[in-house]
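Listed below are the structures to be examined.
There are two complexes below, and they share chain A, which is joined by chain B in the first and by chain C in the second.
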Partner chain A sequence: MTQNTKPKSPLPGAAKTSHRRIVPKGTIWILLLFSTLALCVALIGISWRAADLARADLQSEIREKAEIEARTLAEKIEHALELGIPLDAIVGFEDVVHQLQSGDPDLSFAAIVHGQDLLHVGGMARDAIKQALASDSDTGTGTGTDTHPNIITRVTLGHDAHNDHVENDLAIVIGHDRAALMRPVTDNLFDIAIIFIITLALSFELVLLVLTVNVALPARVARRVLTNVRERKFTILHGQSTRDEIGSFMEHINTVISRTAQKVGTRPHREREVKLIGVRLLAFMFVLAEELARPIMPAFFSQVTAPTIDGQLGAGIVMATHLLMVAIAMPLCSLFQERIGSLRMYLAGALLATIGLCGTAFATGLWDLILWRALSGIGYATTFVACQSYVLDATNDSNRTQGTAMMVSGIMLADICGPAVGGIFAGHFGDAITFVAGAAMACLAVALAFFLMDNTVRGKTSPPVPTRKAFKAMLGNRRLQVLVLFAAVPAKLILSGFLYYLTPLILLQSGATTAETGRVIMLYGLVALLTGWGVARWTDSKQNEIRAVGIGGGLTATGLLLAGFMPQYATFAVAVAMLGLAQATSIPAQLSASLKISADFTCDHGSGPVLAVLRLAERLGGALGPLLAAGLTLWVGTDAAVLCFGAIAAVAVIFFEIMIGHVPADQKTKPSVQEDAP
Partner chain B sequence: MSLATKIGVALFLVLAAALGMTTVLNYLRFDQTLRTLVTQRINVVSNETSQDLLAGIDLGLRLENMENLGAILDRRLGMSREVTHIAVQNCQGTIITQTASDTATKTAQGAGTTEVPPDAQDKPSWTRFTDQGVIAVTPLRDSLGQCAGMLVITANSSEYFRKLDSAFTEMWKSAAIGMLAIIPVLGLLVVLMRRRHRVFSELHEDIERALAGQAGTSTAHDKDVLTESEMDLIALYREIRDQLPNDDPQTDRDTSVEKST
Partner chain C sequence: MTHLINFLRILTVLVLAVTFSATSVLAQTNSTDPLKIAMILWRGETRVEDGFRGFFADRGIPVDLQIYDVERDLSRIPGIIATLRKNPPDLVYTWGTGITSNVVGKYNQVDPDKNITDLPVVFVMVSSPWKTGIAAPPGQSRPNITGATHIAPLPAQIQAIRAYRPMTKLGVVYNSGEDNSVSNVEELTALGAEMGFDVLAAPLGQNGDPSSSDIAPAVAELAKRGADILYIGPDNFIGTYRDALTDAGFDNGLAAFSATELEVRDGQAMLGLVSRYELVGRLAASKVEDILINGLSPADIPIETLDRFSYLIRLSSARRLALYPPLSLLDYAEIIK
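Up next, the complex of A and B:
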């Protein structure tokens, strides 16, 4: 018996009619919600406990640090008093405070107080210190409440017999900025929250995978088999491997079909459903393998390359090599994706990534590091193309955007999880082990690909190589040109220029910490992850990808112009969130739109060349972004650079809308019959 | 393996993995923060002491010739409870002067954990945490950037490890309590799957009867427990049940099967 996989699978979560339910039918899905809720409660509990421990144990450590600084200062004053210097004749107190501040930037002020009088002050104006001390003493604790902007530490100076005028109530008072001093604890609490979100998202993904593979897919195939029997064809058998209730029920049906087919001399084949949801996990894993080491890459590369050339330059070369290999390999892999097949391509890519990451961990110098990172880059690009081509082969026009969004959400999740988990991991286990962990993750992806990716998804014969004429015609397609020039390139240009260059630069300049900046950037992935699925469903239901691309462009322009006019922390957070929503709306839709627009070409020559063009353009935009941002920053300053990016986004979306026109009526096909699933 | 067992095992593993991962990451993050704070505190002592020493070095004094070196170190020792020992070494690692070693420092010295690596002078300041103590080394450089010596501070790490152990125990304890959340989930799973199993058991009996050419039982399926696909599946089965080819030659209606490629 032959085995066949139905390639054009409805996506989990797709509904039968255009009227979609929020929660699918069947209490099994209540189990999914309930288990997520129970997990959520458990995670909140342990996160709360961890936060509690951090508050209790770490705050006391911080206060102890403040006391040591106060004692240091007290010791200096006592030493001066011991030398017989009268208290009012002490000079240079302000300089001593400045010296202390250079070692501890969180220190706001210091003063020598005698009763209520301030004898010497440093760090802040006398009146401001007086006010800070007065408001602190109002609380009655002397250590400040949790809402007080400063943490005041007081150390009493020892009585000195040589200075008769020195009373026992002589003290050193130092004030620390509460927010700054408590930053380690606050960052710790934020990280606990991030860990909570990551774990919850990962667990939801896994439970969804388990339920889809064990409940939704077998039932869907069984229904198809029974429909076939109803039509008295007896040509397909239930091939979804399952040994549970549905599996044993369908074994009976299979027996009947086989017997009947034998009587009439036909040979039924086994029908299976593509585990499309598995590609989400695979996409997640190959990106996570790379992203785990993201926070330590510059420092690690700099350290490894330092013996050969300047460390910073070395790190830059190594990172550029990786990006270059990704940019070259992606379009090339797209051209061969249909010949090689997704599974083989994924396995090869994940294997290359494993070797590259392992090699990086044990790299000894510039040249071998470049080689390992180049291998990693090729591996990354190959696995990416494999996942994308798998999605394209397993979906059709009615659910392609959702399929792409599913893969993109896996990537977004890894983009969020990787640096956060990797940073903590590297802090404890070291840089090399973190790269090895990434390699282990890529290796695990190789093993999982066998179970989660069907090798039979692609067509039996690969499409013919496009002729020069056909290729020229495809490149001459005006609507594709507009899509590439006014949507794909600006989207990546803005992503790399605004999000990865201007946002950190401006936020750090405005006084935000690295952790705070990181959290704002993380908003991009979080919003894209949470909204991607819903937006893609909407796009597929409307069958108007061009409109979705336009909306994405409009959202990007609005966010950027907002941030340009009001360059503050909160507006940047809003702009970044809007960019996340915009990219979630636009990127999957761009892919579907490019294939629809080039339908004439893809019918004869497959989707590979179209995707190669799109990816090349995207990479070009991605490379141009930081260059343009840097140039604009030098020319007009950072805030105006954001405005310029906003203007570019606005112009691009206007040109896109004017020049592309709207989807012709014949492209607006009715959504095909879809089925229930989560 | 029945579906209930499969899903039950999967849910248990997912919950255990999620709680385990959260606990490990929270613990590692706690350790990282605690380490940073302890290092910051030792750095305050280290900065102050090295500033005093550098003031002398900048005047052209060699560390070996500073008369009040011992007094400076003794004063700094009193700044923090946890600092147990301060030593000034020359660039070759030979001790020039040091404060009196307490028992913990002697143990650490005996275990070799306070030994400074030969290349320490080439590195920026660093801190190492061991069971015997925390050792922080700051290279001292003259105005020309040449090595003038090293300041080695040893601190008691017992409080650090006590807090770490306590956090470890508390976090895993709360994770174990969190695992209790699996009980209601498994309870719901058993209830739901039992109802689902009943539907499919009836279906099994029915198909066996159908294959034996017997009349079917007209049980209505338990709608709310099945997914839409499963309900469609059963409805389809009911529709074709009586047309299924069976073992009874009298009732075998398999006469009009279409040949299909």
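Up next, the complex of A and C:
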């Protein structure tokens, strides 16, 4: 029997051959390879043709625009000539070209030409324009060939009267950068890339959840059960229930183990692992519910509050109320998280968010809108704290940073996807329906929380309320003070001040489009999302969260100083990406570090109060950021404000590194009591 | 007691009814009578008064305008005030800083014997009502006075000059006997520190009344000191002898910028950022309407200037100096050939 079921062992030589193969053997693989290649070839062909057609369309559009610009210039010159201003005495041609360039960045130059002579030029040096026109006329077309770097447009001046200088061959010539033809195509490529990445990320999220819950966790527990059996112990049963092959197979095994255990006189218990991955989807959902309507919030709030108060002011009040409620509710919820339990807290928060978002959709004026947004804010804060406490309860010192990073990744993904999806949604279905969609998402989160949050995770008994003395001792912990003052507060201050205030302001001022600015800001979330997990694993493996926090601060300071010294689009993109990496490194590590540093306190009174302090400090930093950025902008200008933020980051990380290592030895990390926690 | 209350109620209703009827009758009587306005003018009627008349004509409001022309002689004002006291109009309209200052006095030196205090006064063409004390300082008001000023803010004037050509030295010839001119030069000097230019001042009349023959030497001196352009502010003396100033400018290669319309439109100043006189007259007329028809107190009506100004370029002067306007200005400037 055993011989029949045992698979045939492959020959040693054959095994070696199969290891050397790059492509697996078999018809299915050949077909897959062939179809992939065919698809790639077809897509490349279609893309090539589409780009070609787009270029042709764009070329005609640019020609039309160029004709209009040249005609505008010609009319100005004709007007001046009609007024009797001599052609050679015309003043300010260069300024007019600069004005045109501010509306059309692809305009390279413009000139008034008389025969072969350039009478007035703008946009480029006289010699460079002369050279461009000479190379254009060499091609014989006079309109710029496909290889010429400029698209040249010429308009003859119609004025011919009463001015000796004016002859028939007087013309306005303008040149457009040929690279402009590819710009919309490359812009589309960026958009496609973003949608592609978002789709990949969403798919990854779902696949990760399904595989972890249905395959990875049951398989891991099954291995543990089977190892136990191999060691002739019959003490554990497979308790990670699934209704697939693994589930039914392990049910058979469980029956055998139970029977054998009865014979040997042991009582096996069911073994299962916590579905930590579920919190990632839950974090994603509650943030997505809020972020869906993010792009339409200012306009929608203005519209609703307009009958009562100035629209802009009304929107500001409503948004500030939401932030205020989050800031108040988050530390308060942290204090009670261990009493209430993650699941109950999440359910309550998601329910409040559902009511708040639904109410917002149908708000009729300022006052009820403030109420609904306040409810949403409390709901948001409650669900956030619930997810966080779930992670803390389900992890220990060896994997806490990874657990936090997992939750933060879910939030980051929602931050990236929410506004993009919500914008499209609002465009098709309207503002109110977008809020309803957010409410539906929060409602769905309530239902899913029952399946995805393990109620067994919660600690057995809620910790005692901290005494004033204990609380004071926790607040007096020098290392915690250093962490809060020089890491937590600056991190959020820089995030809100630099990323959400200064970056859009500077990029838009420097001529970047809204889409380009959005892409740079999106880089932050993308980098944080892609690097978060790896960085957290590294932090956990090294068990040195303090080092991770320091590295995060250093990365932030380097990026900001770079952007401050070279305030260009590319350097801002680099700085924002570095900020993403820095926050992914620092934020989860801050949480783990704060609990380790306050181990004396947390073992007696739980992690809630420590987290409340940390969250309050973060919110304070987040609120100060835009205020400081606005003040610095008014005082020293935007570029110098970025430098100031860089200097703040540098000073904070230097102080952090110096002071976190120079504290009394008795305040240094003690072995955590949660080491053996589930 | 109840009877007494009822009696008082009836009495109150009767008093209110009588008052209302009397007011209505009075208002009806007034609406058919023309508004009686005394206009005290500096040098006869200008386009400001055309705008003033036009405002009432457009609305079909009858006005009886009594014109008192001082013919550039302020000593005639006491006589005019005496005439007005004998036959009081509904409102007094004053033209320019000199006349207004003599008619209403400074806010802290009002003499009821010399100044009009019991009639509403609306002034026009006062460039600096606060600096000259015609208007009370911010936070205070004068019970019977409001008006319309005509000068664009000084920073806007400097920007207008710089839109035409670079300027770091501004030459100003002015009558040191006119309060508005003196305060204007002081403001320009202070502004120069902020906007990066020097004011080269050439005051006239420091030793007695100024003479038109003093203008040319003053301009030549400013040219020698490196002035980029001549500035003509709200100055009655320079306004009277504007051609002497602009001609001296031509001789020394200096263009002239004016803060008032007539120096460009009727004179030879090359450019100006100005209030259209007709619109200033209409703005003043709207204040008269508020006082006499809508029943507002002059103290509650703000002293204002127009919120839009005209950029004027006199091309003949530009041609004479070979200083042609930049192309971008041709889009919005009013070109006077």
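To be clear about the criterion, the second predicted complex is superposed on the first by the 437 of 678 C-alpha atoms of A that agree within 3 Å, B and C clash if a C-alpha of one lies under 4 Å from a C-alpha of the other, contacts with A are read in each partner's own complex, and residues count from 1 in each chain.
One rule holds in what follows: a contact is a pair of C-beta atoms (placed from the backbone, for glycine too) under 8 Å apart; a residue touches a chain by one contact, two chains touch by 3 or more.
Small disclaimer: the values here were computed from a predicted structure and weren't measured.
Asks: Quick check on the superposed pair: does A:F93 touch chain B, chain C, both, or neither? Answer first, second, both or neither.
Replies: After superposing on A, A:F93 lies in contact with chain C but is clear of chain B.
Asks: Name the contact category of A:T227: first (chain B only), second (chain C only), both, or neither.
Replies: first
Asks: Once the shared chain is lined up, is A:Q568 touching chain B (first), chain C (second), both, or neither of them?
Replies: neither
Asks: Of the partners chain B and chain C, which touch A:N188 in the superposed model: first, second, both, neither?
Replies: First partner only.
Asks: According to the stated criteria, A:Q131 is in contact with first (chain B), second (chain C), both, or neither; which is it?
Replies: A:Q131: touches no partner chain.
Asks: In the superposed model, does chain B or chain C contact more residues of chain A?
Replies: Of chain B and chain C, B contacts more residues of chain A.
Asks: Check the residue A:I85 against both partner chains and state whether it touches chain B (first), chain C (second), both, or neither.
Replies: In the superposition, A:I85 contacts chain C only.
Asks: Is A:S47 touching anything from chain B or chain C once the two structures are fitted on A? First, second, both or neither.
Replies: Touch status of A:S47: first partner only.
Asks: For A:T260, is the partner it touches chain B (first), chain C (second), both, or none of the two (neither)?
Replies: A:T260 sits against chain B, while chain C stays out of touch.
Asks: Determine where on chain A the residues touched by chain B overlap those touched by chain C, and list them.
Replies: Touching chain B and chain C on chain A: residues 79, 99.
Asks: What does chain A use to touch chain B in their complex?
Replies: Per the stated touch rule, the residues are 16, 24-31, 34-35, 38-39, 41-43, 45-47, 49-50, 53-54, 57-58, 61-62, 64-65, 68-69, 71-72, 75, 79, 99, 103-104, 184-185, 187-188, 191-192, 195-196, 199-200, 202-203, 206-207, 210-211, 214-216, 219-220, 222-223, 226-227, 229-235, 243-246, 248-249, 252-253, 256, 259-261, 263-266, 421, 424-425, 427-428, 675-677.
Asks: Chain A touches which residues of chain C in the complex?
Replies: Going by the criterion above, the answer is residues 315, 319, 322, 324-331, 335, 337.
Asks: Residue numbers of chain B touching chain A in their complex, please.
Replies: 1-3, 6-7, 10-11, 14-15, 17-19, 21-23, 25-34, 36-38, 40-41, 43-45, 47-48, 51, 75, 78-80, 163, 166-167, 170-171, 174-175, 177-182, 184-185, 188-189, 192, 196-197, 200-201, 203-204, 207-208, 211, 224-233, 236-237, 239-240, 243-245, 254, 256-260
Asks: Can you list the residues on chain A that touch chain C in the complex?
Replies: 76-77, 79-80, 83-86, 89-93, 95-96, 99
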